[in-house]
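Below are two complexes that have chain A in common, paired first with chain B and then with chain C.
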Partner chain A sequence: MMLRIVRYVAGDILRGRIILAYAGCLLVASLGLFNLGGDTTKALIGLLSLVLMIVPLVSVVFTTAHFYNTQEFVELLAAQPLPRATILLAQMIGVMLALTAALLAGIAVPVLLYACSATGLTLIAVALLLTAAFTALAFVAAVLARDKARGIGAALLIWFYFGLLHDGLTLYALFLLEDFPLEGISLTLLALNPIDLGRVLVLLQMDVSALMGYTGAMLKDLLGSGTGIGFAVLVLGSWIAAPVLAALWIFRRKDL
Partner chain B sequence: MNAPGRSSLAVLLGGLALPLGAEEWHVGAGRPFTRIRDALAVARAGDTVTVHGGSYREGNLVVDRSLTFTGLDRPRLDGGGRDEVITVTASHVTIRGFEIVHGGTGSLHDLAGIKVANASHVTLEDNRILGCSFGIYFSKARHGIARRNEIIGAPAAGPDNGNGIHAWSSEHLELAGNAVSRHRDGIYLEFVTDSHIARNRVGECLRYGLHFMSAHRNVYQENEFIRNGAGVAVMYSREVRMEANRFRHSWGSAAYGLLLKDISDSRITGNVFEHNSIAVTIQSSSRLLLEDNQFQGNGWALQVESSSTDNVYRKNNFVGNSFDVTTHGELELNRFEGNYWDRAELYDLDRDGVGDVPHRPLSLFARLVDRVPAALLLLRSPLVHFLDRAERIFPTLTPDRLFDPQPAMRAHPR
Partner chain C sequence: MLQAQGLSKSFGRLRALDDLTATLRRGQSVALIGPNGAGKTTLLKCVLGLVRPDAGTLTLDGESLLDSPAPRRHIGYMPQIGRFPDHLRVGQLFEMMQEIRRGTHEQTDGELISALQVDRIAHKPARTLSGGMRQKVSACLAFLFDPQVLVLDEPTAGLDPVSVEVLKEKIRAERERGKLILVTSHILSDLDEIATDVLYLIEGRLRLYRPILALKAESGESRLDRVIARIARDTAGETPAGERAAS
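And now, the complex of A and B:
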């Protein structure tokens, strides 16, 4: 049953114009970056900024908007003999699949064509994980707020916090605590923001760790090795799993 | 056995009045001598000792007369891992065409593949020196020449691994076209003056590609330094000219392309710095001119300590570096003129090729990282991007007098 809802949700989104426009914009941006500069490293750095800012933004806005637009459909499903978890999970997976499809067409294909390296593959993986994480986070905001404007506002706030504010706080914390050993602190601050974690994973593949001196060496040790990458993926995974579980928990108790 | 065609030797010997009657002694299987040692013992100043192909293991060979010592078909001289292979104590000696292996290592004395001690006008050329502690060693030598030698060390030797070309208290040396790798320092010069170091290729050395201490009035041209531990270190020297060298791939947490420490009145021009963690780091140096250099894809292009004064940075290209300039001082006495900065946001209404607004090469983030290195964690974060832009428009934390008043609109041609 769930599979049928997922197929229906994803198919419905993919037929829409918005997701097509999203994929098209990503494709134009990536092709532009790869063809303009000539240098693939430079293009990947530009693409990294795109993935870190635009992909989470589109994920949260699209997800919340979609949730409120399909509210009647959700209510209809809730009237059927279906567990609520199935309904919401199917919605989430449907949205994630649709956004993933756009990402694959818009970023993964050009990266594989122009820069099929460890860095390129890491970038694709980070983009996919960030999409899933921010879709899940947006679902939490959406199921919490009854009002559409407040829901989208909360989702934007989530994006603003992880995209900019958290980095500002990180910078502030590093300056406040500069006399203390910063390894544990900086690693914790990294793990507390999926965008930062994704950024550092890609940068480590670009071998900028040498620039980072001691911190870089430590990060390379912690995140550059096989177990480190496993750890980072685990943390990013929990950034997906935790909001998914939270959204399900709230939705189950929610008065539709 | 007369060798009337040895005019070059005659020129070399100059006033020594020995070119006539010079003899050539042959060493090899089926030749008059089978041991090099015996030939060296009978040869007189001005003679030539020619060694034919084969392997010779005779311990330490001392050249104490003005000889031309030549290998034909690259004979191999084996030090047996115990001795210095060749020691030159006479002036006007030429050594060429040998393969020198297994030099010894000494804890009291530095043993070398070829050592030149207290001698002048010694030429070492086209030799191959493998797995010796020190490759070529000039000690109190004047007018020595080392060219086209290939010197490969044995880094496994650890602390016993000496320098590829080592010169101490010498003057007017010419080191040209040598290929040095896998030694401690590729080329090490201490108290060496008025020398010319050109077209050498130095790579994969454990410490510095080129290291000189208190070596004044030297010229370094068209050398290439790749993948050395920490690049090139120039310390406590005056009137140095470094021209058209290539510094590449010194990449690591404490690695740099070129370290300038206590250098004055020197010119660094036309060099290429590519993919180094830190391309040039300048400490306590003054009256330097850095002109027409290319800084590309480095972590930091210029790291200048505030104790450096009266330096001029002119017409350099800064392309694709993570940071162009960093310092924790004000750099008030350093001047930037007409450089090309790829991240500068300029316009040029009068179309004279010079930007109409000054460019501030020291970014806020560079300043922050200088204070708290851990802040590098935020490299390429969108927040940092916004902060840098805001700071460029209203400088508050970066020194407001550190700017390039005439930034170039286009990269200077190379």
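And now, the complex of A and C:
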């Protein structure tokens, strides 16, 4: 039942211009980076910053805008003999699928063409995981806030925090705590930010962790192994699962 | 068949529904009337499962409407503002609703689709529809699965005069077939034609629940708007009288 609704939700979004524009912009940026720089590694690093900043931003803005645009329709669905969880899950999966399609067209295809390496594949995986995580986080903001402006504002704050603020706070914390063993603390702080996790996962593949200084070397030590990567992917996975569950929990009790 | 018992709901400090008890039966067409903020929409939304009451029970043929979505298979809903996914065509919208409702109903009722000429706009994307056209689509969807209960929120608002007549005729016909109709409208002359009973809410409380014919006979007025104006005047100073059962 849910998948039937997903089909219509995703079909509706994919027919819209916004998702096409998103895919087009990503494609232009990726092709530009690969063709102008000459060096594949440089291009991948450029693409990495795009994936780490723009992809989460578009995910949260698109998700909240979609949620508030379809509010009346969700009400109509909720008045049918359907469990609330089915309706919200269908919405979430539909949005994630549509954004994923844009990523595949705009980033995955050029990366596979120009840099089909472990790094390239990791970059694609990180982009997909971040899209799912930030879509889920934005859904939490959207189901919590009745008011559209507040919901979009809260989603933007989430992006701002993970994209910019968290790094600053991490640095400050590590500076304050420099007398203590740093492994545990920095690993915890890292796990608390999906964007940082994604960055580390890709950079570790690139062998440029020396650029990240002492912590980078340490992270290479901690996360460079297979178990380390497994751990990072698992934590990123819970950055998707936890907000999905939270949004479902809130939506089931919500007055529409 | 539709029974509310002690239904209460607050939004913050506002008491939208205050200990509401009423029984609505098949063959009735109940007009929800009351000033803005009286709790009409909240009551409808409780019936539809969109709002969860703080206290009380709400049952349809003995089955609780609050515990599971399944009894909503008997309910058709026409919202005040129908908005559909922008890029779905009207035809796809109907397909989707039919897939959602697969197995929940015995027969479909497409009478309105042809009567309101919605079949002619099946190829149009939902975003290109005017307000009145969306209202027509909403009406068709509400009646499509031949539900036992019809919840109509301002059904005639925004419709052209011909369509209003078609819809009113359909509502009367369905009521005569033994459906229960729950309708709100600010157009009392429309209610006069389609409703059999008045359920009057003020500040979330049930002030009055009577057949329209009885009200007209008692007040000596022949038009519903006059009757309602009189009730509004009479009850303005009165303390809450509690519920009065429908006869």
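Rule of thumb we're sticking to: the second predicted complex is superposed on the first by the 246 of 256 C-alpha atoms of A that agree within 3 Å, B and C clash if a C-alpha of one lies under 4 Å from a C-alpha of the other, contacts with A are read in each partner's own complex, and residues count from 1 in each chain.
Definition applied: a residue touches a chain if its C-beta (ideal position, glycine included) is under 8 Å from a C-beta of that chain, and two chains touch if they have at least 3 such contacts.
Just so it is clear, the structure is predicted and the values come from calculations on it, not from any experiment.
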Go through the superposed model and pick first if A:Leu164 touches only chain B, second if only chain C, both, or neither.
first
Taking the superposition as given, does A:Gly120 touch the first partner, chain B, the second, chain C, both, or neither?
neither
By the touch definition at the top of the document, which applies to A:Gly151: first (chain B), second (chain C), both, or neither?
neither
Pick one for A:Pro83: touches chain B only (first), chain C only (second), both, or neither.
second
Where does A:Val200 make contact in the superposed view: on chain B (first), on chain C (second), on both, or on neither?
first
Counting only touches as set out at the top, which of chain B and chain C does A:Leu174 meet: first, second, both, neither?
first
Using the superposition described at the top, determine whether chain B or chain C touches more residues of chain A.
B
What does chain A use to touch chain B in their complex?
39, 41-42, 45, 48-49, 52-53, 163-164, 167-168, 170-171, 174-175, 178, 182, 186, 189-190, 196, 199-200, 203, 207-217, 219
Enumerate the contact residues on chain C facing chain A in the complex.
11, 45, 48-52, 69-73, 75, 77, 79, 81-88, 92, 96-97, 99-101, 104, 141, 151
Listed in rising order, chain A residues that touch chain C in their complex are 1, 4-5, 8-9, 11-13, 15-16, 69-73, 75-84, 253, 255-256
Once bound in the complex, which stretches of chain B touch chain A?
251-255, 277, 297, 299-300, 320, 322, 368, 371-386
